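To start, the structure under review is shown below, and the notes come after it.
The first chain written gets the first letter, and so on, giving A, B, C, D, E and F; residue counts start at 1 in each chain.
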Amino acid sequence: MKILLVNPNTTASMTATAAHAARLVAAHGTDVVAVTSSMGPVSIEGYYDEAFAVPGLLLEIAAGEKAGAQAAIIACFDDTGLDAARAMANIPVIGLCEAALCAASFIAQRITIVTTMERSRLPLERLVYRYGMSGRTKVRAADIPVLSLEDPSSNARARLCQQMELALREDRAEAIVLGCAGMADLTADLRKEFGVPVIDGVAAAVKQAECLVALGLTTSKVGAYASPIHKPYLGALTPFSPEVIMA
Amino acid sequence: MKILLVNPNTTASMTATAAHAARLVAAHGTDVVAVTSSMGPVSIEGYYDEAFAVPGLLLEIAAGEKAGAQAAIIACFDDTGLDAARAMANIPVIGLCEAALCAASFIAQRITIVTTMERSRLPLERLVYRYGMSGRTKVRAADIPVLSLEDPSSNARARLCQQMELALREDRAEAIVLGCAGMADLTADLRKEFGVPVIDGVAAAVKQAECLVALGLTTSKVGAYASPIHKPYLGALTPFSPEVIMA
Amino acid sequence: MKILLVNPNTTASMTATAAHAARLVAAHGTDVVAVTSSMGPVSIEGYYDEAFAVPGLLLEIAAGEKAGAQAAIIACFDDTGLDAARAMANIPVIGLCEAALCAASFIAQRITIVTTMERSRLPLERLVYRYGMSGRTKVRAADIPVLSLEDPSSNARARLCQQMELALREDRAEAIVLGCAGMADLTADLRKEFGVPVIDGVAAAVKQAECLVALGLTTSKVGAYASPIHKPYLGALTPFSPEVIMA
Amino acid sequence: MKILLVNPNTTASMTATAAHAARLVAAHGTDVVAVTSSMGPVSIEGYYDEAFAVPGLLLEIAAGEKAGAQAAIIACFDDTGLDAARAMANIPVIGLCEAALCAASFIAQRITIVTTMERSRLPLERLVYRYGMSGRTKVRAADIPVLSLEDPSSNARARLCQQMELALREDRAEAIVLGCAGMADLTADLRKEFGVPVIDGVAAAVKQAECLVALGLTTSKVGAYASPIHKPYLGALTPFSPEVIMA
Amino acid sequence: MKILLVNPNTTASMTATAAHAARLVAAHGTDVVAVTSSMGPVSIEGYYDEAFAVPGLLLEIAAGEKAGAQAAIIACFDDTGLDAARAMANIPVIGLCEAALCAASFIAQRITIVTTMERSRLPLERLVYRYGMSGRTKVRAADIPVLSLEDPSSNARARLCQQMELALREDRAEAIVLGCAGMADLTADLRKEFGVPVIDGVAAAVKQAECLVALGLTTSKVGAYASPIHKPYLGALTPFSPEVIMA
Amino acid sequence: MKILLVNPNTTASMTATAAHAARLVAAHGTDVVAVTSSMGPVSIEGYYDEAFAVPGLLLEIAAGEKAGAQAAIIACFDDTGLDAARAMANIPVIGLCEAALCAASFIAQRITIVTTMERSRLPLERLVYRYGMSGRTKVRAADIPVLSLEDPSSNARARLCQQMELALREDRAEAIVLGCAGMADLTADLRKEFGVPVIDGVAAAVKQAECLVALGLTTSKVGAYASPIHKPYLGALTPFSPEVIMA
């Protein structure tokens, strides 16, 4: 089985972190192909960055599907471009936030997501609503710039732990979801430290992708995710017209 | 990996149908152990039957966990006894309805569940709400007694198809979920016939179980699913006291 | 008028407390018949205990209806087994939580329920939602084991009062609901002490039962509460098959 | 026990109908004092009439409380002036719609209200939401002017029955609530004709009033229903200033 | 363009404050006609005062419409009498709370309303729900009697600022709405002081009124706001019968 | 006052239609500057087209703000790119759908949006939820390709009218919102034909923009719409990095 993992930001070291987390849980026989978007922001922090992460992301998913990938993962916790990707692709497309919440929902009633920056909190709350989890999920921001997660001298881990403690005490969280693909390698340590389930979206998405492929399920092409209508795309965006990108 | 599948009704032929569906999708290396409850109703149709399916179900899950199962599936679409099972067990426990809706949510926006009897429709609508899917899920009843699904001379399949047609036309469903464990073997045929994703809860639950085990996730023991307090259980129910059953 | 009050746990002293509270408010001419379940847990604390309180409860309701009871009260604040009981019985069946919230809703906009243990808080929050009161009801746990309510040397009362104070100050509660049948005899004192309406579920349920009987209302047998279908129940649960229990 | 029933419209024959329905269900020892508002519209159909039914209604409730009534019923299905009455009075104040929905919620999961005019449907839907019953209650209008209910030559009854049939078939209603105080005397007949619980708000409100009085519950004076602040009311409305009306 | 602004309380100095705020933002060519209700409470604090502010308010709107006003503003933040006014009038009728929330919704995701008295908080929360803004709006009360806003020696401003600080820190409000018509003249100062958008309902309502008039939109007379049916109004309220008031 | 209207699709004739509708309602002194996006799809039908309409849209808004526009309108009913635009710009940014629903909410309780294609219906339903209008708004699709609106030989108008009739009869809509910028010039005719308010998003957005500018309100830069952080944007998207575009 071949699963495509696209990092929609353009920082290759974050792709490596996500790919490592993905391969740790992938089943024997699953080939995780990890790619970095070739255009757009080096990190995704808020609505503006999200908009410009989508073109590069869709390009990679289209290429991956043509190259035989059976499912695609958007390796960013904001589930950037998820609906456009599902309309474009026939293979299942999975977001980290939805996969992590799905896994959490089987083992806990109250969940807290700890994300990086305050400006990502409101978009995540909207996702939580969309996935039907508002009644039992809180979102906290640890005030950590995304790229500082890769800097061992930053106090990113300490801030994350502080919010996890508050989540357990004030939100009465029964499980914690790590709200950034860049936090994936902390999962095992944090589980031990806090004694509750800690869920990383990358790992959850890989298993969910395997699950959908094994079930023979692909994105429904009736309704919301009907394939894009062929039509001209003008100017610099011509290469993205459905006819061209899906050729 | 060893996954326990418990049929909470006492009809062994339905266990066989579910076990067959489960083994069709189980990963290489996954051992599906299927058992039939030893006590209670021969089929589960409505709130009353549900109540009496729980003791036999929990007995099997407790035994299965002791025997080394790494996850348990409740093979009834009503997700009978799910909360009690999660409180009792440490291993993940998965319901068919929640697993099927979870799978559907990754590939479609609007979903219709087609179940057997009208009296099961309202309990399922409450489950749909609980899983946060009310905004995009409808439930239809095909007026089929559960056990007639095993009778080739009944018109069960025709009634099911009639409701699927209505689901596509009136509900604008993008994917169909089969709302009874006994419908599992129709999945492949119905996908071809209707051209939309058709999801069976048994298969979805098996893959979800594998997913949670691979992620190293077990039921949170903080909060709603804290282990039962040891206390006397009187009369005929003494064997179910937490101390005895979990011994 | 004859009203059945069933304590679904097996501790007779708690039945006595509830029966006392019930008779204090019963109308002249109302006969409250109080019975203790003959099987199952000595107290109900969480989902697991709930499951094993149901068989004994239903046995008593079936017997009580045959003996001429015109309404039945489930004397546990978790409204354990309410749906199964309504499907089985023709007479109205009333839960303490729903009766108390109903009474509170006529005299206050914001309500706080103070219950015993944290593990009962989440099941109660789900009940509150089910009864349509989430928008104006909070649930607090006082960290009191149920049976300690009967022990005068415990600090149960002090802990209860502490949560009531927080309810008034932080939740801006306008009325308090006592979230355990075992708290019934504190109602009058707490009203005086706190100066707001304090509502006990047992008393509220008795009056609601009288109300429904006087209105000539019985459980609708169309839809969700249609009578159980006659079918075999196997093994130790044979005595609970609809045919036998409703004979 | 003395219960005040105020008809907030100024048609005395409707007061008589409601009083008759009230006395049929009142407990032995309950004295139902029925009064007709002395000012305002002869029937309440929509938002505008509602506004002008409130002054006369409050005058009667204030007078009734001074004269010793222990609870007050607003005998109009729109629950006109309910919040203002609760703020003014110390005794419990009960609306027909909330009392009927409360009774229905104990015996059925899905409920349909059949009211008179389309223009009353939207205000009733807002009430249904307010009482937390939107998830399980539909409102239908039978296109009957309120006062035609008293005219035997009108086809009011036929139109009502037509909507009840649709409620059972299309809404899958398990119980019917009659959405106008003027329909009270049809209850018994309609129960027999349709075979499901049919609930009249007047009867339900009387029993609910008795229930609250027996429980010793009065409107909370903390928060939303705090007593009106004494202040001047100018012009023609001076007699309604809190100081005067509550003197 | 002629816009009617009715102060539904009977304190002329508050009308002057509102009229001043209105004229500051009115377009060149817009004539703001400000009137004070001739009957009822001197300030509106809670449900009871609201009920008695409606008759005088409707009288002024009816008179204003006859005199050629093209839109009417109810200059009280509780949106007192809004539905009745819309049913009566053909011209658009605008409430301060709805206009302010509407403006805020275009420039911020999270909003906090700071109002005067605790007893106004719950009615405002119900309005916020009605306008579909519950998910992103909080209401705070500053414990300021309405008329003290006009008294420079009171500490009203200090209390208001204290709640605004809490709104920014604890609610993470992105914009503040001033929840009383009497606060209008503080808007500019508070914007500077707090560095976030601060919105006054009077100004917002004036611009919204101009907007609706320019769009040629009037209240729909189909459904909820259908014109009142002509019928007798008895006693002191005869002058308010639809036939008379709309003559 | 200078208001920027950006057509986010690349069809200049649709810009002209929108600009015409905008100028018809613009106040004396308001200068509507209409521009067509220079890149991307010729029409926006579904999630995929939406993603590629955003870059060109943001480019025009950034340029317009620098050139002195005081507010920006996104002239597409899907409110494409609204959040990203608000984060980028300091001036208010207005979507057609939100402006039209806002106007409708002041004059009607039940609203139906009639849009073009089924694939646009689900994204619009999500917008309706986001704007808090789900409880009173339905969305219908007339099965009209966007560009056929400009083709007089198509039966687009007939299909639109058919859905409007259904909206009035089945949805009991009190006002109709036209769900595509290309329908703007039909507004006046349809109002006359159907006798209910008909609202075009372009006109509504122009007035809303004037309203916000007159109130001195700009997008809050605290929280969800904080300005994008300066960071590298790689590859073909470098011109869109916050530093460059906002320079």
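Criterion: contacts are C-beta pairs under 8 Å (C-beta built on N, C-alpha and C of every residue); 3 or more make two chains touch, one makes a residue touch a chain.
Owing to the predicted nature of the structure, the values given are computational and were not obtained by experimental measurement.
Q: Would the interface of chain A with chain B count as same or different, where same needs over half of all numbers used to appear in both copies?
A: Counting shared over all numbers used gives more than one half: same.
Q: So chain A and chain C are the same sequence; what rotation in degrees superposes their CA atoms, nearest 5?
A: Copies differ by a rotation of 120 degrees.
Q: Where the CA atoms of chain A average out and where those of chain E average out, how many Å apart are those spots?
A: Computed value for the inter-centroid distance: 45 Å.
Q: So what's the Cα centroid distance for chain D and chain E, whole Å?
A: Chain centroid spacing, chain D to chain E, equals 29 Å.
Q: If a residue has to touch 2 or more other chains to count, which residues of chain A qualify?
A: Only 86, 109-110, 118, 122, 135, 172, 223-225 qualify.
Q: In the complex formed with chain A, which residues of chain F make contact?
A: Result: residues 10, 38-43, 45-52, 54-56, 58, 81, 83-84, 86-88, 118-119, 122-123, 126, 130, 145, 223-226, 228-229, 231-237, 240-242 of chain F touch chain A.
Q: Can you tell me which positions in chain F touch chain E when the two form their complex?
A: 25, 27-29, 86, 92-94, 98, 102-103, 105-110, 131-135, 168, 172, 174-175, 191, 195-197, 199, 203-204, 207-208, 210-212, 214-220, 222-225
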